[in-house]
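These are the structures, in structure tokens.
One chain, chain A, appears in both complexes that follow, with chain B as partner in the first and chain C in the second.
Showing the complex of A and B:
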């Protein structure tokens, strides 16, 4: 035990996971602090799900150390009962109805709030007596979301929880998550492609690409950390020379370049030089950072 | 309290600027309470830590103060101090560039002043009719 353990939910050091010759997670180190909402973002196949399986003790690491609430999660009941992992495609026993899922949840989750689960079922318009296997894709996702929220587990992972959920249902999910998190602070890790939808909910962002952590930053620090500079190609090239260029686009004599970290004075300088500046959203930033085809 | 405009400015700054605006235009009076961090978070659908950062910035500046167990309140004199700070900003970010551009076109400060007087009269007539 070390002194920072009370603030740390997850600590990962040099974590590596190989499947045969394929390295899914490549020497990754980071920490997840307690009672924050994290975004685990990255492209398909980047390693998000593998990482979450490692963090929930469902896969064995090839190398490296992994501590969840101060201990290894692998076959560790004390750790695992504090975790709720909502997967994209959760399997339930064939005969189960929605009401059975909600009734059995308190066996697994000590903090389960049955009233909250009932309210959520109304919000998502779920027919409680319907068999799980007869549910639509969106309804099945809604069941997962309800379990994830009402479990109030100290560490909750949502791995792409919204498949088939319409825009209204996703907004209900985000709103209820935020409301309940305020009342019952806990650690939430949200893995998603819909970055723009969730970016304001996140306190911290982990971006994984090609099995490595590409960004590990405060969400507010990332916001406004990059700008799009548009103007005559020669002017733009002159202005961005020597800067951290994230991406570059052009049309005829015009250039559009995304650069990192402009100070207020530099922005004023760009405007004075006749260049147009526009903000870059978290999603645009991550797309730009993870688009490169060759690693490194 | 208006919607947040995502103009690349950090959200916590947008939160504190909105509170400042509400204090300046009198929507929130001095010695009355402002919404809680959690209320801001729910209203704007943002992380409570972000909302808290925006509110705390105003606490550090002495614009808001905390009453234990009750909430955040607007300090006496907050409006005057905000108007003073904003007037300085107005001068730096509007009047300065205005005069620079005028000088470029050979317009004297006196002519600028006349233009402003004219424009404000036209504006008033337009809004009166």
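Showing the complex of A and C:
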């Protein structure tokens, strides 16, 4: 293992996964650095779960290279022991109770913190002796969240971990994740639709659409990368002419246009021209980017 | 509470892993520990492999005693050699096996997706599952053999009621009972697991092909034996094997199911 590798958790190059004639992951390349929180964002069916299954050795790639901690994860015990994958559709044995999951998880995750798991169970108000199959969707998600957090695996994947969780429970998840991440830095990959909710958590964003990586950017840079320009249609059109227009909206004589990359001087110019500028949220930006590509 | 232990673990981790891994790494477990942990995962809920099967045995036993007493009352006695022989036709001794074949299926259909989620390799999962099957089969074989002997010593639990000395059990001495219980239990587990693995690997298409092939093989064999008028020869061969011989032959399908399951699972993917 050379020095450049010690900072890389995942390296993917030309990765392709086909199911019959359907290409779920299409020639994807990216790297995931250690000890950062990544957001894997994309629409339903974009390939998020398939990608995570490839990264955890659950699926077999059709083509391309895939290295996790310097080696292929497929059937690699050294690599897989460092990974925790919380799948939205995770299955448990029919008779299992929550306590069985929490009792067996430490055998597979060397960094498991049982006290932390107990505290989280209280936070999420989980009845430990209840059968898994009798849990509500939200409670089932909470079980996954607890395993994902308390495992403290060097590389943790959360695949839409919040399904069915109410707003309070989701906030608890985000808070605990951040607190524990600060104390025990590790690599976290979070796939989600609720982009704005996790926006402040993410350090890096990967957007996947139609099996391809659409964006691979630092979250901070991405947040400041676009602005909304609102004003009279004629003024707006004049200002945005020749710029990188992400999306356009209008009502009567008014227009609202999202443009990329405005400098401080350009912002001042826009305000002087009587236009209103507002920041674009990560979610708006990604919605705009993913809808425009599927339309075109 | 476990702070000193953690400290020790961290020191050990640094000693072992320092050259290769940096932050937040975990020290690798040995192959044996990983396989054993999978066996423990199956047994973490003790009801599945121990509680429910023995509950079924208990209920079957109570029912067996009741039925024996009813028959005894109407026929005027259970103590005769005829009455003991008559009770051999009961299948109660195998009653937990119908449940355990489902358990064999679920060991794969539920256990496999769970184990992969816990970062277990397919190889370690299968070896741990097979180890657990062998252990449970051994424990069950010993328990049923002991019960068969106790039943003989107590003359049917002092009630002339026989459940364990039934079918082919309790005829040729305890070593044969031990062998036959063990192989039957192994076969039940591995066949259940094999069927579930075929589904895990090839889904519905695999099931259709598997069951069609099995049915064709059976019908084809029967046809071959019939057309070549070999039934008397088959009968002679079977009776020549004896009870121990027949059950020793059952190791062949058990081994085929175990090996085939291993090969099929190596490329299987969990369902979404």
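Operating definition for what follows: the second predicted complex is superposed on the first by the 290 of 296 C-alpha atoms of A that agree within 3 Å, B and C clash if a C-alpha of one lies under 4 Å from a C-alpha of the other, contacts with A are read in each partner's own complex, and residues count from 1 in each chain.
Convention: contacts are C-beta pairs under 8 Å (C-beta built on N, C-alpha and C of every residue); 3 or more make two chains touch, one makes a residue touch a chain.
For clarity, every value in this text was computed on a predicted model and none was experimentally measured.
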Chain C versus chain B on the shared chain A, clash or fit after superposition: fit
Touching partner for A:220 - first (chain B), second (chain C), both, neither: first
Touched partner set for A:203, first chain B, second chain C, both or neither: first
First (chain B), second (chain C), both or neither touched by A:53: second
Chain B versus chain C as contact partner of A:76, first or second or both or neither: second
Partner chain in contact with A:90 - chain B first, chain C second, else both or neither: second
Chain touching more of chain A, residue-wise (chain B, chain C): C
Which superposed partner A:37 touches (first chain B, second chain C, both, neither): first
Touching partner for A:182 - first (chain B), second (chain C), both, neither: first
Gap in Å between nearest CA atoms once chain C and chain B share a frame through chain A: 16
Chain C-contacting residues of chain A that also contact chain B: none
Residues of chain A touching chain B in the complex: 36-37, 174-175, 178-179, 181-182, 200-203, 219-220, 223-224, 227, 278-281
Complex interface listing, chain B residues touching chain A: 6-12, 38, 41-42, 44-50, 53
Of all residues in chain C, those that touch chain A in their complex: 1, 20-29, 31, 34, 37, 40-41, 44-45, 47-48, 106, 110-111, 113-114, 116-124, 266-267, 269-272
Interface residues, chain A side, partner chain C - complex: 1, 6, 34-35, 49, 53, 56-60, 69, 75-78, 80-87, 89-97, 100, 103-105, 107-111, 115, 152-154, 184-186
